[in-house]
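Two complexes come next, and they have one chain in common, chain A, joined by chain B in the first and chain C in the second.
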Partner chain A sequence: MSTRTFKIWRGDSHGGEFNEYDAEVDEGMVVLDVLHRIQALQANDLAIRWNCKAGKCGSCSMEINGRPSLACMTRMNTFGPDEVISVQPLKAFPVIKDLTCDVSWNYEQNKRIAPFKPKPRGRDGEHRMYQQDVDRVQEFRKCIECFLCQDVCHVVRDRGRKDAFVGPRFMIRLASLEMHPLDDDDRVPEIKKEYGSGMCNITKCCTETCPEHINITDNGIIPLKERVVDRYYDPLARLARLFAGRKVRTKTRSEEQSR
Partner chain B sequence: MNVSEIQTFEHDVLVIGAGGAGLRAAIECSARGLNTGVISKSLLGKAHTVMAEGGMAASLGNVDRRDNWKIHFRDTMRGGKFLNQWRMAELHAKQAPERVRELEEWGAVFDRTPDGLINQRNFGGHRYPRLAHVGDRTGLELIRTLQDHGVHQGIHFHMECTALRLLLDGGRIAGVAGYWRETGRFVLFRTSAVIMATGGGGKAWNVTSNSWEYTGDGAALAYEAGAELMDLEFTQFHPTGMVWPPSVRGTLVTEGVRGDGGILLNSKGERFMFDYIPKRFAPETADTILEADKWPDDPSARRPPELLTRDVVARAIRAEVQAGRGSPHGGAFLDIASRRPAESIKRKLPSMYHQFKELAEVDITTTPMEVGPTLHYFMGGIRVDADSQQTNVPGLFACGECAAGLHGANRLGGNSLSDLIVFGRLAGVGVDAYLSDLSATPRADDTQITAAFREATDILNRETGENPYLMHEALQDVMSTNVGIVRTGPELQTAVEQLKALKVRAANLKAPGTSQYNPGWHEALSVKSLLIVGEAVARAAYIREESRGAHTRLDFEGEREECARFNVVTKKGPDGEMQVEKVERPEPPKELAAIANATLEELEGGQLE
Partner chain C sequence: MPTRQLTVLGGHPTGAAATARKDRWWVSPLTTLVVLTVFSIYVTWAAFQGDNYYANPYLSPLYSPVLYTDPSVPGAAPIAHAWIGAWPSWWPSFLPASPALLILFFPGVFRFTCYYYRKAYYRAFTGSPPACAVNPVAGGTYRGETAWLIFQNLHRYALYFAVAYIFVLYYDAFISLFRNGELGIGVGTIVLFLNATFLAGYTFGCHALRHLVGGGMDCMSCGEKTARYGAWKRVSWLNARHPNFAWMSLFWVGFTDVYVRLVSMGVITDLNTWTN
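Up next, the complex of A and B:
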């Protein structure tokens, strides 16, 4: 057991400041354990979101020593013995109180994405998919919606372009639909126009921060960008599609509706 | 307080809880044209369902064609030591396959068999590979599928909102009083039907796999409104929780580790489970290492004893530790490293690999895990009608873990995720039928509403009082010490006395600060639910004088014939005191009794119609 110093941001949408707390830390603890101890003994009203405490629900996202992290997966023995640990809410979203922030924008983005549209079942009444064809989609579906990738995305965080880009989380959600062997919808027009695949400049910060180690950029965003390029910028492929007679939707749903 | 100034929503039905059961129920209600609201204490998609790892049980027969609903039904009844509600076990076994296929229709991506169908894995107590799964993160797949499907169904989601009280009109459901966690403001839901889908109450113990949300709110609110609770003495201790480091003590290690070949060893390196095979399961369990190791590749080999039901394995680990043969931190060793190649472990158990690597700095592909029992699941809960999921309070329904009946004395792994989707849907069907027959809309009077809000604000307004966090810890100490994995009459009586004393102190809880996002206040409110649930578990455990399934009494060893004839029902008496009684079980329908008692040969060959 040792005593460690924490600087925790306390405040709300009107402003706030870092308060200092000294806490006893036992072997094997993670940052969330220490925050709970501070909450129980020194600051009963310290606002924190958390649920599973095992890195599976993505609730306790915060910035620990400036690094977007899950508090339940950040072990205390990763810090130097005298290091002061500072904890603050995610910067990309409006603060509610202390370490909690308003992440409702993410839920709005999710709702904009058109639902899964399954192909009809086979004659035997079954959907057949093979493991090698679903591996990639399963990687994306590991996402626990901690929104750390949204927090580090330059487009969302630094440039504040929430109007133009849905962020890495929803790019991989789109990828999980677009690459789903059973999904029958054509999602490429929206991926380009509505969700802003072109905004991402592949700095890969999202991939580095993902606690589920999803290869967001290489396996998700880049292949989506390639599909957009194939559709809109590759003259040969366009010609080939024209002769093949495949009907390809190049307008987005909202453009079609407004006509 | 003027009720007309309180923010008010009107719904046909309000679902409390947004885990698997709540979401499935809401989807069904909405599909039937009902104006459906959902409230959840957390953000959408964070419910405890995400923690479910192994899979959902359904006799699809994709891996072994001999499987069918009757064998699933038989396994469930035997696992539940014949205290399950027959009709619920029947509905569950019959409907689970269709509910799983429906998830696929909504975008779920299960692991596949070589010929492209939904793959199924072995699990404790299930005769055949029966669990549809996605690696070891099946719960996340379930919740995300329902969430992504649900947001397009016109359901009204109210996130981070807590229910304080059910409102009644002449004994019927008329609404729910609640508050927003974010702002602390009060909110009123006027609705003629409520579906409870709040999960269990594991947070009454200090070693638990459950998250903070598991404070028994649904059972407690229903109890206060006059609903009956049932089977609460049956609390499942999952045999394999992490035991080290202390901060993650209790976090679940999926049964899938054993389903995929993992074995349990004591400090002497012995596979001790061979010493703990109960008579009932002896004909179907391997009794030598040689035979166990042939399973599952050799169809004539019987199942290894590591896959016995959870109650048996949990007690065995506890007994080994008590005999001085435990692991360094007081558990047993769970070894998959020496049984399967590293790549296969990482592919089939990615979350477990990740969890141990990051939280315990243990590489499970090279080193055995240390595991021990952790409070995991409530078999008991709110008593419901098997077909409609309605309680004895008109308009109040319950499904999922907070409802009782399907699992009897012990739940089989994999039967809870299928429980959520089968009975979540049936609750929606039940509500629809109830509302169509309802002639007049019940209306809650203002007195109940203001009383609910006043009681909540008192906690903030007190000058001094008890610390809610420390009160919660005291309650956990009482339950863990006296209502643990093995129980005795005197200890259970002590628990009831100590909980009574805590209840007196809890009337004086104080949360400092304002009502805005104040966890101290939230904690104080949930302590009230935990006290009710804790007392109900202790009292029910006291009057069941036998050892059956997950309920073990040192002073009453073994199952007793006469105790198979009743379920324990708990309700609030007219004097406000808790009443506990034994309620006789109805005779089972002949066909179902025949199936439950049939031999496997009869069921596999389809000889029994």
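Up next, the complex of A and C:
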């Protein structure tokens, strides 16, 4: 057992400051355990969102020593013996109280995405797909919606461009729909013009931060960017489509409706 | 919907490159900055030399393929090596007569528009952002790759040329097994083969290639053992190692030019089996 100093941001939407707490830390503890001890013994009104304590519910997202992290997956033995540990709420979303944020913007983005639209059934009346074709989509299904990727993405976090980019989590959701062998919808014009694939400059912080180790950039966002290239930026592909008389959508649904 | 309203609550530091991180986050972008700067300066210098790029039977990769050559220049490729012929009279006199200037554009564009290098230099050179959870260096309205950076989308065209160069570089490595018609091997031969192999590992792990060989399809195999799915799996394997191959091939291209240059200048002696 040892005593460790925590610097925790306390406040609400009107403002706040860092408060220091000395806490007893036992072997094997994670940051969330220590925060609970501080809550129980020193700061009963400390607001923390948490649920499973196993890195699977995605609730205890916060910034520990400046890094967006899950408090339940950040082990105390990863810090130096005399290190003061700073704990802050996520930067990208409005603070409700202390370490809790209003992440409802994310749910709004989710509602904007056209849902799965199954292809017609085969001749035998079944929907068929093959494991190797859905392997890459299943990687994206590991997402626990902790929104750490949204928080660390500089477009959402620092650039104030929530108006132009849905963020890495929803690029992954779009990829899981677009690459699905049984999905029949085409979201490419929306991916470019509404969800903002061009806003991502592939600096890969989402991938580095993801607690589920989803390869967000290489397996999700870049393949979507390449599909946008097929549709809009490849002159030879456009010529080939012209000669083959093949039509593809280049306007979004809202552009089509406003015509 | 909130637009440009930035949160300052939560005790997050404000200002360029500010962060609450305590680790040495600046080591990685700084290393990238130094390595890429040194490499760019060296390659530019080497490309403008126009001499000592050939040491029979080795050709520097910065000068390959040789379209025109002026054999009177010390360390220049012989005329038989040139794809077109003797150095052209129309070449402007203010530019050095260097064959590298004719061909370096394509590999240059391939690296510049590479999805991996974009990450590396957006972080290191433009600080956009310099590291994760570190404030961007420059303010102003961010438009990502939708404004003038839209040309990055032409990466696949740079890829087509880069693939052709791989074959050329393997050909160079293969003919470096023969000096004046005699079969043999030298340290330079190994250097050239490694160079082509690292570059192949880098080029065939390209994100655009991964899309073109099969990633663009939703149903790559549809239950069959298709060539498309097999190719996608192989490119994906290389793609996961894209940064490693990017740095290895970058270093090795530079080293290969240095090696050929020093042998050509007579500064070092190439160990080899040739007797002629």
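Note that the second predicted complex is superposed on the first by the 252 of 259 C-alpha atoms of A that agree within 3 Å, B and C clash if a C-alpha of one lies under 4 Å from a C-alpha of the other, contacts with A are read in each partner's own complex, and residues count from 1 in each chain.
By our rule, a residue touches a chain if its C-beta (ideal position, glycine included) is under 8 Å from a C-beta of that chain, and two chains touch if they have at least 3 such contacts.
Just so we're clear, the structure is a prediction, and the values are computed from it rather than from any experiment.
**Student:** May I ask you to decide whether A:Ala244 touches chain B, chain C, both, or neither, giving the answer as first, second, both or neither?
**Tutor:** neither
**Student:** First (chain B), second (chain C), both or neither: which does A:Met1 touch?
**Tutor:** Neither partner.
**Student:** What is the contact status of A:Tyr130 with respect to chain B (first) and chain C (second): first, second, both, or neither?
**Tutor:** It touches chain B and chain C both.
**Student:** Once chain A of both complexes is superposed, is A:Trp50 in touch with chain B (first), chain C (second), both, or neither?
**Tutor:** Only chain B is touched by A:Trp50; chain C is not.
**Student:** If you stack the two complexes on chain A, which partner ends up touching A:Tyr107: first (chain B), second (chain C), both, or neither?
**Tutor:** After superposition on chain A, A:Tyr107 lies in contact with chain B alone.
**Student:** Should A:His180 be classified as contacting the first partner (chain B), the second (chain C), both, or neither?
**Tutor:** both
**Student:** One more residue to check, A:Lys162. First (chain B), second (chain C), both or neither?
**Tutor:** Second partner only.
**Student:** Taking the superposition as given, does A:Met29 touch the first partner, chain B, the second, chain C, both, or neither?
**Tutor:** It touches chain B, and chain C stays clear.
**Student:** Enumerate the residues of chain A that count as touching chain B in its complex and touching chain C in the other.
**Tutor:** 128-130, 180, 183
**Student:** Show which residues of chain A lie in contact with chain B when the two form their complex.
**Tutor:** Those residues of chain A that touch chain B are 12, 26-30, 33, 39-41, 44-59, 73, 75, 96-98, 100, 103, 107, 110-111, 115-116, 118, 126-131, 134, 137-138, 141-145, 177, 180, 182-183, 213.
**Student:** Which of the residues in chain C end up touching chain A in this complex?
**Tutor:** Per the stated touch rule, the residues are 1-7, 9-12, 19-23, 115, 118-119, 122-123, 128-129, 131-133, 135-136, 142-146, 149-150, 153-156, 207-208, 210-211, 215-216, 218-223, 229, 239-240, 242.
**Student:** Inside the complex, what are the residues of chain A that reach chain C?
**Tutor:** It is residues 9, 11, 13, 15-18, 63, 65-68, 83, 86, 88-95, 105, 108, 128-130, 132-133, 152, 154-155, 157-165, 178-181, 183, 196, 198-205, 208-209, 215, 217-218, 222-223, 225-230, 232-234 of chain A that touch chain C.
**Student:** Hey, which residues of chain B end up touching chain A in the complex?
**Tutor:** Per the touch definition, chain B meets chain A at residues 42-48, 50-51, 104-107, 109, 111-112, 114-117, 119, 134-135, 137, 140-141, 144, 148-149, 151-152, 159, 182, 211-213, 244-248, 251-252, 350-351, 354-355, 358-360, 467-470, 473, 511-514, 516-521.
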